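One structure, pasted below without further comment.
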Amino acid sequence: MSSENHLRLFTGRAHPGLAKEIADILGAPLGLIHLNTFADTETHVQIEESIRGANVFIIQPTCAPVNENLMELCIMLDAFRRASAGQLTAVIPYYGYARQDRKSTGREPISARLVADLLTTSGADRVVSVDLHVAQIQGFFDIPMEHLTAATTIVNYLKTKELADAIIVSPDAGRAKLAEKYAGVLKLPIAYMHKRRSGIGGRDVEVLEIIGDVCDKTPVIIDDVIAGGSIIQQARALYKTGANAAYIAVTHGVLVGQSLERLNEECIREVIITNTVPVPDDKRILIPKLQVLSIAPLLATVIRNIHNNKSVSQVFLAQHLEFAI
Amino acid sequence: MSSENHLRLFTGRAHPGLAKEIADILGAPLGLIHLNTFADTETHVQIEESIRGANVFIIQPTCAPVNENLMELCIMLDAFRRASAGQLTAVIPYYGYARQDRKSTGREPISARLVADLLTTSGADRVVSVDLHVAQIQGFFDIPMEHLTAATTIVNYLKTKELADAIIVSPDAGRAKLAEKYAGVLKLPIAYMHKRRSGIGGRDVEVLEIIGDVCDKTPVIIDDVIAGGSIIQQARALYKTGANAAYIAVTHGVLVGQSLERLNEECIREVIITNTVPVPDDKRILIPKLQVLSIAPLLATVIRNIHNNKSVSQVFLAQHLEFAI
Amino acid sequence: MSSENHLRLFTGRAHPGLAKEIADILGAPLGLIHLNTFADTETHVQIEESIRGANVFIIQPTCAPVNENLMELCIMLDAFRRASAGQLTAVIPYYGYARQDRKSTGREPISARLVADLLTTSGADRVVSVDLHVAQIQGFFDIPMEHLTAATTIVNYLKTKELADAIIVSPDAGRAKLAEKYAGVLKLPIAYMHKRRSGIGGRDVEVLEIIGDVCDKTPVIIDDVIAGGSIIQQARALYKTGANAAYIAVTHGVLVGQSLERLNEECIREVIITNTVPVPDDKRILIPKLQVLSIAPLLATVIRNIHNNKSVSQVFLAQHLEFAI
Amino acid sequence: MSSENHLRLFTGRAHPGLAKEIADILGAPLGLIHLNTFADTETHVQIEESIRGANVFIIQPTCAPVNENLMELCIMLDAFRRASAGQLTAVIPYYGYARQDRKSTGREPISARLVADLLTTSGADRVVSVDLHVAQIQGFFDIPMEHLTAATTIVNYLKTKELADAIIVSPDAGRAKLAEKYAGVLKLPIAYMHKRRSGIGGRDVEVLEIIGDVCDKTPVIIDDVIAGGSIIQQARALYKTGANAAYIAVTHGVLVGQSLERLNEECIREVIITNTVPVPDDKRILIPKLQVLSIAPLLATVIRNIHNNKSVSQVFLAQHLEFAI
Amino acid sequence: MSSENHLRLFTGRAHPGLAKEIADILGAPLGLIHLNTFADTETHVQIEESIRGANVFIIQPTCAPVNENLMELCIMLDAFRRASAGQLTAVIPYYGYARQDRKSTGREPISARLVADLLTTSGADRVVSVDLHVAQIQGFFDIPMEHLTAATTIVNYLKTKELADAIIVSPDAGRAKLAEKYAGVLKLPIAYMHKRRSGIGGRDVEVLEIIGDVCDKTPVIIDDVIAGGSIIQQARALYKTGANAAYIAVTHGVLVGQSLERLNEECIREVIITNTVPVPDDKRILIPKLQVLSIAPLLATVIRNIHNNKSVSQVFLAQHLEFAI
Amino acid sequence: MSSENHLRLFTGRAHPGLAKEIADILGAPLGLIHLNTFADTETHVQIEESIRGANVFIIQPTCAPVNENLMELCIMLDAFRRASAGQLTAVIPYYGYARQDRKSTGREPISARLVADLLTTSGADRVVSVDLHVAQIQGFFDIPMEHLTAATTIVNYLKTKELADAIIVSPDAGRAKLAEKYAGVLKLPIAYMHKRRSGIGGRDVEVLEIIGDVCDKTPVIIDDVIAGGSIIQQARALYKTGANAAYIAVTHGVLVGQSLERLNEECIREVIITNTVPVPDDKRILIPKLQVLSIAPLLATVIRNIHNNKSVSQVFLAQHLEFAI
């Protein structure tokens, strides 16, 4: 039987749970593929059904272990290309190396661009990703790149909360723009935080400065990635200044810090993330106030629209939110 | 005589004055090239001396008229490539289309990336530019890209002023990072501005909100580009709130607005720009408080170091400023 | 609704009138797109309807202002490519820079090739053009290039005239081949003109030489482009030699010369051009003997055939004319 | 010993005699390379000395057998590239497939462009060629392409003849431009020939038409390639019209026709060619009036200038001739 | 009529008989194309029917004369690409230059990779080939490459023979793997041959060594290519050791040796080849024990499956043979 | 100070010990570079000295963990390219993924080619590697690729042993060619091993078959990689057949198997490997009969010759060994 023009979903080993969720929503089973690691640590891929001419979507966030997941994705792309896939879309809900997006000092790589080139070289025809660290990463590709946002998903959840006295907090300069968007949609004020060196007692100390009045307000600290450490310091600083316990609203729950239990401190009210990267049960148990929203409905809709040649930007407009990122 | 390995400077028609200044500093005359526009508006280029094997630098900001200057640069690159230049560096002090750096809504181009591709296609081996709208544009290139900053030039000038009561002002979310850098180097506090829609009297009005205390302080509004209109509104808003007259400190003095004379209002104390784009005399006369700093010494140093295979990042470190952008 | 495989016509700002004509013939409305120029002269493009998977044709001659129109086309192509157009065809009835097709002396660009590379880099999958200055420009592309001719359109018009005593005139060496084709189809004799330096009275003067007997004949001067100046000199020279008033038969009515009213001199009987470039009303009024034929039917037929995967060369054979160029 | 920056000449099997001549002029011995053809007709190449970092020039006209010579050149380029040559220049005095330079009807290849792509893909960094059928072939390359002309060589020879009553003859429309150049340099008049169908006695016959007065004049028929057949018809037609016996002045003496002895007819006075392609002794004997000029001095000068990063266009200006083609 | 998605078969001049056989099996006529060689040895191609959007397969083994057939294929590809073929598959049953697959000493080309690049540059979207000298040549392509094997065809034929006392013989180290596959499928033992230098009587002589017991057994010497000379020496050596007359089982019957009649010696029982390259009648007559199996059914099945987006690897599994190569 | 043309050695984190050895031999210190892994597993690279224009060699075998080491190498290449290195050579003594060199069944990747493309995309100008699994991997690159062999190193060591009764053993079909080379240089006989399915007692069992007489001989089992498991089975099988304890002579001591202590069995006499991959002390202690030869002298010589534009193939000829692989 011909596979032409059929929608085919495949998953690497980075986040099969998310792929399964998407497959269930779309009513399209995950394709058969054998993925394993040889004793010498090489990745091996074998596609186990014909996909000749098919419209293939590979779901693989390049989360930790980043290099493993990225190379697995590249090798899968090569296998699908050589097996004559029709169109090859890499769905990368979390784009590893996104923060290495420029030379911040001399003689650094721009790894986020390098990753774009590696994916294209490996055979990707299109990339779908969510809440890139900076929107400019779209321009690192010369193939079509669908840049989605989880903000609508998070905003819809936040609206179920009491936000009358809330204030959006940008945790650093890089997030100021995202903060403005949340503030605009939720019609809330903004405060800004930034680190500065302060000369106390003769030597420089780095302190977190808060610009804007957060006293007696409920901060909603927004960010693209929560790794662990710095967000607790931010919440503590706000709390000390007289703010209420904060909501943390973040797309990618990377959560690699070593002291994740500190997220349970009273300065934090709830940690809202999505499942663009897998959130293992031990982390969920460790952080009871963790709220994991599913990104699968958004990705499923976008995959369906791409497959049917329908508008993707319409998906966001349909929710009456102005969250083009 | 062989031209191998010689440093050769050429200029397009965008900013010959700046090229002349650089040539004078380097003690290297501008190369002979004939540039003209035919009656049918086509650009024509004829290099009038052999540059075979030479290390060629073309100085051409892609300022207004952007498309003319950009195409002239592309055509020059093609002529030099076909004439067997050794290395071909495009020195683009102002990078037009830099603000079209991402798809802000669906179905937009990413013109800043397109420009990078057009330059590379035309034959550029390396690009030098100053204060790109976002540093990520470096990653739009896969050829070496030297991203310089005029901030050291501007800071050195600001230091000659009385800044005891000064405060750095980020005029919008996109400039928050740059503001932090200025604040760090000058050891000054920061305030943030952003636009928001405010529901007064039944309908939404866009208002400029100021976060941070600017009362009785001297604002230093920093930005990468000054076009005209919005900076006056920002200065006015600060002034109304009780701030002193503001310094405007901006790299690229694009100054295309139609009411430039409003820069003479009392809410603005001085408008500091550099000559990355030409500043014609009529604008200098129209705006007496305009202070134009020369970027030529910086570009001359960088060109000399590139030619001699010396470090470029060292140029900035030598000034004891942490202005990698 | 899916846009797959649908024919979609778009126009830039170079020649919307021609695009409208084509759209009317095809019964396909022009697509919605927002094109504007910012105050700083940057071009901005926003496609206003989903074209995902569609078969897109962009109609944009790169006539004056050439660089503006060319860059607008490149930026449009980038926007369509990133918006996942299925196939992207640039319909360029007049190809600017076509005469810069070789290095005529050392160290010149080959801008016509550069333009081909810029279009391909920007995302064009195919190019359609009319009466290129030389047919070899087809080979500047490695994407499919449909090279049409307006000669059939012009010949059909000429046949309505009394041509019993006519003679085809090649105005310079480059047009000799085109002249032979016209002469072959119309079964007319040929004369050739060329410039030569003649040593009269001690110094070289450039004179127009006529080879062939034009006395008492009605010259039909054929060319690809009429700019203005030189054609009048040619017609005058023929007239002085004893020829009747001449027909001028030219594809591209660029008409940029400063003394277009001289086309009204008695040595010229009629100036026949097509609308590959826009002919504004003031020029039509200034030159009453201007006859503008529409190229729209030809372009509409070719676009329809490309869309339906039918032969394009058949279009010309169907007219029983041997005008492959 | 290091080979860096050394000039190294190599020859394929197409024209070793010419390569030897060039090597002698330059005082640089031909490099050691083993070239042979296996029993199964595959070409095999083995470079027999280290050329790491050297400035390599390969001399190989792609004359008959064209496909053999072209493939041998491609394979040599691949071998030199993989052996780490510094710069790799293909010197192709005669460029095969040059006349397949456009689609003359639908569905033809553009083989001259294809050849350019094959050479670049194989590793050429630069190409040198002589009197391409059309100058636009330069634009088929995006690597530097030095387009030389043998016209100065031929003109210098012609000047030793009595040309007082001579007239330059363009044998067809495609050569009109070249004819003008010869006429300009030699200060001679021009006549044009072209084929046309003439309806005599009810059916179309193709006849050669002569435009311009050749009676009692000595025609100099110029062309880029002499294959054999058509030039005799042209000379006969001129002779019948009353012209004297003609000089034939052609760059590439391809001479493949089956009746070369007809060049001995009285309508032809002398056949002047260069040795861009090998002229075997049997042809020289067969055609006593053949005059073969050597292109080696020109190529040697150009190779030396390229190697020393000196101007190539200067070579032609130095002869006070305006023969940029 | 539209040609979209239609299967279209074309043949070059290398092996029209095979193409005809395939066309007959598929019930699809060979497409109209004019192929000829000009007097100056250039190849000329003219496609004589519209193939716009069609799924084109070109059948052309690059057998002797290799360079002629390869260039003809490249030029055909260029013509089809420029004529807007939908998908362009080069079916190359015998891949010339396959044995030049690595640098066996310093400064050699890797012609098999070069050929892959030339085909891709010329416009091939996919390549189909049979029994490449080494399977790694698949990796010389970055377009899909279908590597088929004639082994199933040959095995099916061998099974009709009495093989009770047979032994598979690998004629040299490079064929050891292929030998194992034959041995596995036919459940036969293996012997290995290799050349070694043996110091007899003071000087080195190259002798053929046989590892394994072949006495009184019927050798089946397998190989990818039979050129002529060496296989006779192998058969003789086996025969001298006490083996029976051998079967030769080889995919590509190149047969270029000068003493093909030696294949009639009594040490050889039957020479089994396929028609991946044409086997002219004179060779068939010269070697009565030649058995030519047709590869056409395999190629027809694969072409049909590619066209219908069905699995190609399934073709081999369906024969219950494990002959992935 | 200018860094132009200087030789600069850098090492990744895969095998700093080997890099240090090479640096010591060359008398060139390892360059300063900061390499670390972020908490989220991303690799970060910062070059800590100017390398503008320098001739940079990066030493990094892509051994286990393969994906980590490969991505680190790619990111380093990107950093060096963007920092304007003059020439960029990746020295990869062990090339991971080399065994994934073809599609062994349908729908597999060809990861060894993919790796070549990733390295080239990342900026490598040249690659140096040792004893690739198959020599054809050279053809996976279109940049210069120096393929070295450790065989001369190993042979020189073996010659210090008593080899009068030795026999070279090819452990499987893929190594037959390598075995022949060892046998030729050492003037020893060969035996071949291969796996086959043997129908004993009704069901298929895979057994190791030995072709050739090994009884009372000392086997030298040669291979490119020793992973662990299979080599013990081979040695055991030889031993059972009556052979002496075997030498194992292998280039790459990957040694990943779980039962490495079995290498101590009496069937194995000595395990000779090189340090193309790091051999940690615990493995050296675990396997007392392990003999690790250093590849550093070979790599140092080759790096020096490349830097000085001297022949690399000469390095091997100088040792009077014919070990081009």
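Letters are used for the chains, namely A, B, C, D, E and F, taken in the order the chains are written, and counting of residues starts over at 1 for each.
By our rule, contacts are C-beta pairs under 8 Å (C-beta built on N, C-alpha and C of every residue); 3 or more make two chains touch, one makes a residue touch a chain.
A quick note: this is a predicted structure, and the numbers were derived from the prediction, not measured.
Chemist: So which chains count as neighbours of both subunit A and subunit E?
Modeler: Common contact partners of subunit A and subunit E, which must touch each of the two, are C, F.
Chemist: Copies subunit D and subunit E touch; is their interface built from the same residue numbers (over half shared) or different ones?
Modeler: Homomeric contact, same residues on both sides for the most part.
Chemist: Compute the centre of every chain as the mean of its C-alpha atoms, then state which one is farthest from the centre of subunit D.
Modeler: It is A.
Chemist: Just curious, how far off is subunit F from subunit C if you go by their C-alpha centres, in Å?
Modeler: Between these chains, centre-to-centre, one finds 62 Å.
Chemist: Centre to centre, by mean C-alpha position, how many angstrom separate subunit D and subunit F?
Modeler: Averaging C-alpha atoms per chain gives centres 51 Å apart.
Chemist: Can you tell me which residues of subunit F touch two or more of the remaining chains?
Modeler: Counting only residues that touch two or more other chains, subunit F contributes 50, 82-83, 103, 105-107, 110, 113, 117, 142, 311-314.
Chemist: Touch graph of the chains shown: is it line, ring, star, complete or other?
Modeler: other
Chemist: What pairs of chains are touching here?
Modeler: Those chain pairs satisfying the definition are A-B, A-C, A-E, A-F, B-C, B-D, B-F, C-D, C-E, D-E, D-F, E-F.
Chemist: Quick one: in the complex, what on subunit C touches subunit E?
Modeler: For this pair, the touching residues of subunit C are 126, 142, 144-145, 306, 308-314.
Chemist: Show which residues of subunit A lie in contact with subunit B when the two form their complex.
Modeler: Spelled out, the residues of subunit A in touch with subunit B are 101-107, 110, 112-113, 117, 134-140, 142, 147, 170, 173-174, 176-177, 179-180, 183-184, 187, 189-192, 194, 196-197, 199, 209, 211-212, 311-314, 324.
Chemist: Which residues of subunit D touch subunit F in the complex?
Modeler: 1-4, 50, 52-54, 81-84, 86
Chemist: Which positions of subunit F touch subunit A when the two form their complex?
Modeler: 39-48, 50-51, 63-68, 70-72, 74-76, 78-79, 82-83, 96-97, 99-100, 103, 105-111, 113-114, 117-118, 121-122, 227-228, 254, 256-258
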